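These are the structures in question, set out in turn.
Look for subunit A in each of the two complexes below; its partner is subunit B in the first and subunit C in the second.
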Partner chain A sequence: MAKKILAVDDDPDIIIFVKTVLEENGYIPLIARNGETGMAMVREEKPALVILDILMPKQSGIRMYREMRFDESLKNIPVVILSGIAKRTFLRSQEALTEFGDQSVPEPEAYIEKPVEPEELAEVIKKLVD
Partner chain B sequence: MVMEMDKLLLVDDEEAIVRVLSISLKSDGYTVIPAYSGKEGLDQFAKESPPIVLTDLKMPGMSGIELLRKIKELNPDTEVIVITGHGDMDSAIDALRNGASDFINKPVRDEALAIALKRAREKIAIRKQLMAYTTDLEHMCRIATEEVRRKSEFQDKMITSSNDGVVATDENGEIIIFNPGAEEIFGYSRFEVVRKMKLGDLYPAEIAEEFKQGFRRKRDKKGLGWQETDIVGKDGTKVPTRFSGTLLYEEDEVIGSVGFFQDLREIKRLQKELVNSERLAAIGQTVARLAHYIKNILTGLKGGTYIVNIGLDKNDTDKLRTGWNMVQRNVGRISYLVMDLLTYSKEREPEYQDCFPNDIAEDVCELMESRATQNQIDFIRDFDPSAGKVCMDPNAVHRCLLNLVSNAIDACLFDLNLDKKWQVRVKTKQIDNVIKFEVTDNGLGMSDEVKQKLFTAFFSTKGGKGTGLGLLVTQKLIQEHGGKIEVKSEPGKGSTFTMFFPYRKPEKEELH
Partner chain C sequence: MKTKKMLFVTQFEELWFDALQSLMDLRKSGFNHVVFLHVIERDKVAMRRGKGYLKDQEVKLREMANVRFIDWAEDLFVQGMEVGAYIVVGDILPKIISTAEEEGVDLIVTGRHRRPKLEELYAGSETLELLRRTSTPVLVHKYMLPSGKINEKPFERPLLALDWSPASENAVRYLLGFKDIIKKVVVIHVAGEKTFKSDSAMEIQAIRKKNRQKLEEVCDAFRDVGIEAESHLYVGATCEQLEKAAQEREATMIVGGTTGKKSLKEIFLGNTAKKLAERSVFPTLLIPANTRHEDS
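This part shows the complex of A and B:
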């Protein structure tokens, strides 16, 4: 049975692009336009993988990522960050939140900086879910 | 101890006289050195060097006059009293001529001897005191001279080693001091300047004029405070300097002038370098932000072509259309970016034409409303029904208002307070000579820090999703239109942006 993969991004172009890549590679795409609905869908659908943008309206990707990692039932779902923001900026924000007294979180399973080639994205997903 | 002053040499060939006088002198407290001939007297004098000598004139062998001369040769300060025969005035005068200090007649009377001796002793005492004074004076004079020399040398060194250029003139404006600092700044050597050039040859005209006027006036205490001025060096180049100067007075009379010049060439060069490096840093930042934004567009374009390719491969018209729309949309984003950049970098005259402010606002609202309602944001129109036809640049106003409304919606979308009922209000108002467009949201709001950077090029809080040009372009368009923009904002409460445009009468008046 085809695996469900959730893409969380507010940019309609990215959504269409990621959705197409997922479909073309035989996955079932799920779409969320912000962190809030993204979180709700992760809980409800338990996808095999989450593709996550960072800068989004309502809850950002940074927060959503932490929330997933703090949740026992969700913390093993692999996350691919797909963002225009550099990886070290993302890691630094996570560190900053940890310094403010939060628990520390592990690095995401994969980090891709936009723009991404469809083949590269497909390959990363394949490696993590198969 | 025998006082040196009480030593006395007594010379006479008559032993009896020597003996009698000795007794009398000894009882007066003198130490008497007796001698019985001129020759012996001279030997004793050389040996004992007594301050007072009492000698007979008529003696066999060396006469008293001869002894007197020899003693005066040996020590001119010696007080020599001669004893002359009764009535022998010629010998007495001869002796005085040869330096004797006094004479007494034979037979020697005690009173006469005592007076002569007293005078001799007084003379010696005065001479001694005079000597002491003279020595002291010479000493003091040497100390004072040394002090003056040291002070002058110190000041000389101070002027010579000063980093500032020091130029001093006499009361006629002739240059008398030109230190190495001044040589460095002006490019002349001091040999070319000192006593050869006048103030007017070196100083900037306006300062030279002020000094020249000062030379003619009585005391006027004010000097010239520090000011920046360019001087012209020997090779004709302009040298930026910081100058301060004053006239010099003795009592109330001008005795000259002094000017201090600080070389600003290095400082100016560093300032320029700093500005350049700041500019380069700004360009670097600009390029980075632009690259980031273009990267986002590129993602859209790549995605679009990818989907178009799939559509072509599978003969899937839906995919083809989706992909093609994406490509078109992102081409649109690029042209907006380029237009923004051009608007930002170029002077532009508004294209005035008759239009209705409410029509422009309505057009913007129609464009943005769906994006707002899709995200559960209330979109409120609050148009002034009395706003009539005006003359303005509708395209520029449209761009500005679109920017503000789009920002207002973003401010709601990025708000983390999810309990809020978001609202964006677009208001128009025409009062007197002003047309006002106001966009209010109750979204994220801005900190003072963000507010300060609001109109800075390429500043964006939207990450890669904003160009950081929107408000800057908006402000520029408004200013070119003779208007202004105001911002009120509070973190967590929302923001209000208000644009004011001056009213221009429409070219074609319409009857209502």
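This part shows the complex of A and C:
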């Protein structure tokens, strides 16, 4: 049975791009336009993988990622960050939030800075899901 | 009401990242979430004869804004702040209002948006229109001082203008919530020349005394929460006197309440709010009468 993969991004062009890559590789794409909706969909759908942007309305990918990692039932879902925000920034922001009193979180399974070629994205997904 | 979440509206004309940085003092009172908004004005990408909708232009403008927002967001994320961004095509005012509502922000920060003269004649001031349609406080931010330096801490020494209306009482309650960042508040009432219509010196002195007493009561409310306060009574045209007082008292911003309705009776509505927001060299914080408070 085809696996469900959730893409969380507010950029309509990226959504179309990711959706196409997922469909062409035999996955079922689920789409959310911000971290808040994304979190609700992760809880409801329990996808096999999440492709996550960082800078979004409502809730950023940084907060959504933390929320997923702090949730026992979601913490093992692999996450691919696909963003224009540098990986170094992502890691430093997680450190900053940990310094403010939160628990630390592990690094995401993959981090891709935009733009990405369809083949590269498909390969990363396959490695983590199949 | 704590100011935790801010909508930072920029057209990349007046407000840049240093304008936002000048507001970082607000973090001491709980501010930790910025939502950027850039509106690509419709006429920049609108249909042209023979060309249709300028999609290429939209993509270009969108990406330019995106590059800037990513850069700004990176700076904020590493400080542990939460950041969001909207880059939308449309008319600026409705987009500010809808984004503020969607995100549930506590403060709208914007530059001076002025409609062309003719349009303003029919549609009114954009600043006033915004205040009429939102219950969220609006900071019309001018972060460059006349000296060319950056106004680094606008909340440090606000000048609070009072006209004794419920709206200005609301402004007092709002400012009391900033006790962690305000060092001193300058409380002022501007009495119009008409106030002194009596030719009796006793009567005029009585008016002066009554206003001074009211001003001192407000100062006491600030002192009670640990904010230093001083009061002043000025006479003359409201807008000019407030600007003058802000300069004389070395204020870092001007604050006032607004009713959000079209009423000529309200000192801070109409021309005063509009003039201060659009012409004053000081940042102008306008607080609608229906703004929620921590204690409400």
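The definition used in the following text is that the second predicted complex is superposed on the first by the 130 of 130 C-alpha atoms of A that agree within 3 Å, B and C clash if a C-alpha of one lies under 4 Å from a C-alpha of the other, contacts with A are read in each partner's own complex, and residues count from 1 in each chain.
One rule holds in what follows: a residue touches a chain if its C-beta (ideal position, glycine included) is under 8 Å from a C-beta of that chain, and two chains touch if they have at least 3 such contacts.
Please read all numbers here as calculations on a predicted model, not as lab measurements.
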Clash or fit (per the criteria above) of subunit B with subunit C on subunit A: clash
Answer with first, second, both or neither: which of subunit B and subunit C does A:116 touch in the superposed model? first
Tell me the contact category for A:73 with respect to subunit B and subunit C: first, second, both or neither. neither
Given the touch rule stated above, what does A:92 touch, subunit B (first), subunit C (second), both, or neither? second
Contact-wise, after the overlay, does A:62 reach subunit B, subunit C, both or neither (first, second, both, neither)? second
Which superposed partner A:20 touches (first subunit B, second subunit C, both, neither): first
Taking the superposition as given, does A:100 touch the first partner, subunit B, the second, subunit C, both, or neither? second
Just checking: does A:36 make contact with subunit B only, subunit C only, both, or neither of them? Give me first, second, both or neither. first
Jot down the residues of subunit A that show up as touching in both complexes, subunit B in one and subunit C in the other. 34, 54-55, 57-59, 84-85
Using the touch definition from the top, list the residues of subunit B that touch subunit A in their complex. 292, 295-296, 298-300, 302-304, 306-307, 310, 319, 322, 326, 329-330, 375, 410, 413-416, 418, 462-465
Touching residues of subunit A toward subunit B in the complex: what are they? 10-11, 13-14, 16-17, 20-21, 24, 34, 36, 54-55, 57-59, 84-85, 114-118
What residues of subunit A sit close enough to touch subunit C in their complex? 34, 54-60, 62-63, 84-86, 89-90, 92-93, 96-97, 99-100
Parts of subunit C lying in touch with subunit A, wherever the complex brings them together: 35, 66, 69-70, 73-74, 77-80, 82-86, 102-103
